[in-house]
């Protein structure tokens, strides 16, 4: 488990530290980040306490509004706050131009703008060549977004066909909140792994829609089974699944940094539980259709309290054993609240 | 059918004429209403063309921000634009105070504020006494709102218990978009009718969540079956179901007034189809478990093209036969666009 | 519309005429077919009255239990009852051997048996060569079957990958009842058409699960939209979609033959409505994002009462105008009831 | 936790030991029980090993086909196998008469028969008076059963209205598999507790439909939250929730007795985890809207490995620490397999 705990890293979303909202408005937090520097600062704090979040996902529109000229600034922030930029997320949904869609819009100028923005996003990431050898393009899918008739890429099948058309660097991105009710996400993960098309995850949890709630707050066993498929694939094939783990949550009610720490901790625990499944035993049970034993084997790992081992791992890496407690004692929240609160109070908007 | 078409009226939502949006922002329309006067004007236009929308639902926070002092203004607008104020909708979800709920919030000051606002809303409606004899209180339910862990009143059972606790003037409000996937809304309507607890509808359609799409744009047959239950109840019991029909839609992509006219027209058609179901025949089929014939009986009505009859009804009432076409020829949209467009362009907001 | 009505044909399922049931037992019908001859006879009766069901789908296990030696018998029945055998359905789910799956079972002997049965099914169809040039293999998917942990081919994406692996004659079969709640079936149909991978349909309707209810009894507008995608594809590309329409229903409560006639009639109506959509107009609306007009265009066709035109078509083909009425007057049901009722009464089984 | 583990008991279903099936047939197990004596024997074995299953739920039709005259036999079996009869389940769904419903059927003779059977079921339980003071009537609900248009009692709201109409001894029965996707079962449980209308549970798990899979095999955290609501209610109100815990599972693929032992063990673990939630701390977190801490509080209990404590409890009660292992070593399965296997092999039935 220690080896796997060492290997586990998960990317933080810059937008998870900002005030975001529902269609009826935003519930504002006095400590929310509103500049790219503040987002780097908050992400750096989470990484400092957990040790497993070395990168931050950026949204071009929100974090790099000035385009390529902002790259130097990003580099400086990365150095200052000790978190590197990770995935680059284009935004082709917020501008008024994208009212009827982006690359699939019937409006030619919207399609052109979307393509230009996507290429610029690739540039921002690659700087010198678009999609460098070590880069990948991730195609995400989503069955619905409230208030719209449909989404263009509704499920993993559609994302897969598009990614295959796009070329060998394109893979599918699985957002755990982007599925139909009852859909077996771990089965989809297994198919994508088998087809060498799983690129990464956007982690969160949900009760019904794309709720972006804390990972594992609703159904932790499902996340465990997803991690299990990845470990099992590696065990079965001898190949390492090259999968990017990212958080895609943006909390309205929980403190943003606290929620992020809680998420990282939960991900670590569920990953560690999945790491201790006895694959030989499980495979033997499956081969002889011993269902009860196969389930006992999975549950044995899930029931194990891995928290002592993770605390020990943290200690040995000079990290706080209880990152949430350490954060609260650090005074960071109080400091940023004082700095940011006035500005945040000003930005209320109304629904109608 | 003519008698029933005469009887059918449906209330327009003031917020349906304003720029509203998704959590990622609003797609702005140059002709969107932003003052209460503009909302009355737009509603008046829809009523002028369709003849069946004499009332407009108001949202206290958005339409009566100044409280009781605004009532005289509302009266003047009603007279000027020939639509009366209808249902009064309190808003206990938008203010920062309601972050953790309203009447069910653990925060005492939020509960107090919510109660005060609800009472004020009743006052606004009644002016002299709270909930006058001819008024009713409608308790709405909703299984989820994206981004939240749960809703306090998740289904019709919870709304029913609350309404019964509240007293005889309280009834349940059925929003057609507030149900679980696969839930049989017409069965719920029948139970509420049988228990004398159905107060009204918020009409819209949806594919998955509370999408607030045009009524009947996804599943028109379901709306037909809902209307049918209401006619059937009246036929079976001899009682008139005292039900308020209201639209709760707010279009992002369709032109707001056009979408409202389309909705009213669709509602009229589906209502007229339900009106011509042969109840005697259907009851006889049901009594002898003649399923095929019972379904043929329903489908016979649904398959009938009622549009000629509705056009005839419109003609005989001095209304345009094709309200959408009449609207386009009226020049109203061009006029309001010119007046409102500059102001609307200014109000963009960002998600993160 | 006449041309398209002429072109429309739909296949009947042999098992739709037999007593079938729920997990709690079968509700028996005295007129249910229990031999292959009776199934051909009933299918022949439906074709005689509707004129659009020239083929009958066979289930190898139930209709050809003796294998290849039964082919001569099938040919004789086809001649006698004037319906040809259509699709050949292997059965790898009923035998005790398939307890843990069939071609995906961990049990080697189950996998071998399943493969042998599938090849034999192909032989039965082709007689001399396995999958003749004009034959196709259809891969069906299904998200769940109650009481099982998962299904191997859960969605169209998995079916697509398998079909592509299998070879150029393999296509995807869309059963309208095999989807997640809220899933956009017409969008899947459009993707499969665009990828030249749509092989056919199993038509039925459902409220929640794989209910196998009468096509269009729950959501007729959805079936209309599915047919529309097929017409639209042909109009857009100039290619004919080579799609097999099949019914997969097995009624417990409705009379089996009556339900089949009702289904065929409904399918014809919805197909005819889809045929009269004005594609030029719709495409123009879509190109300029005129959502209201695009919807009006679709609804215009759906609201049209096509029944008179279908009656006229039937008259001109020497078919009864009202097949259900003609069936009832034919005395067929009384005749088969007398012959079959005693045998059917004997076959009750208990759940536990 | 020890006190609560002592208090926890769960009822076994007689039908869970018999061969049951899907609509396509039964997968037979050589050791399945087919007489009432065998069902008592198997239930007795589970109780002997787990110590928490003193009662067995009976299905009148399957276990008491001869009616009241069979009661003496049941008493003898109860004594012999040391498990008492528990809940009495009428069966008004299997007989051909109930094709169109039972107490809600349009067929008078079906309604009469259903009422008579229900009263007889009450008699069987009470012997001398119908519903004795210490008896209760439980009204179960279910949103759908595949292949049917609707169910009469679709949700907890309908069950509640019926139970309230029936009288003070009637309560609602919550089957964890009888809900819409995404429905918040623990919230329903809380409402029923608050209204003093929660009578008991039918425990099982499911992925999509009423799958009757092993409790906690899909979503153990949900079951934990349900137990938590019950403990929390007791803590908040000082009242004991008088709730009957029953298993309603019938396994096709897992060994029936093994699956039952696994279920009981899982229920015990999740109950024990719920028992150690710190209610004072949680209530304090909730009162100040400290969401992260409230969740940590719940997760703290859920993450705790309670298996050592349960093993200790078993030891102290003279029960095997690992009931599944003890069962396998007992030779019971081999003995009953030898006795029952021939009879079980004979009972195959076909779908069509």
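Per-chain residue numbering starts at 1, and chain names A, B, C and D are given in the order in which the chains are listed.
Just so it is clear, a contact is a pair of C-beta atoms (placed from the backbone, for glycine too) under 8 Å apart; a residue touches a chain by one contact, two chains touch by 3 or more.
Fair warning: this is a prediction, and the values are worked out from it, not measured in the lab.
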Item to check | From chain C, the most remote chain by mean C-alpha position | outcome: A
Checklist entry - If you tally the C-beta contacts for A-D and for A-B, which one comes out higher? => result A-B
Checklist outcome for this item: When centres are defined as mean Cα positions, the distance from chain A to chain B in whole Å is 38
Item to check | Multi-chain contact sites of chain A, meaning residues that touch two or more partners | outcome: 99-100, 143-144, 150, 181-182, 184, 207-208, 217, 253, 289
Checklist entry - Which residues, counting only chain C, touch chain D once they are in their complex? => result 14-15, 18-25, 27-28, 59, 62, 93-94, 96, 99-100, 143-150, 181, 207-213, 217, 250, 252-253, 348-352
Item to check | Touching residues on chain D, where the partner in the complex is chain B | outcome: 99-100, 106-107, 143-144, 150, 154-158, 160-161, 180-184, 187-188, 191, 195, 286-289
Checklist entry - In their complex, what parts of chain C are in touch with chain B? => result 181-182, 184, 207-208, 214, 217-222, 253-255, 258-259, 262, 266, 269, 289, 291-292, 295-296, 299, 302-305, 307, 324
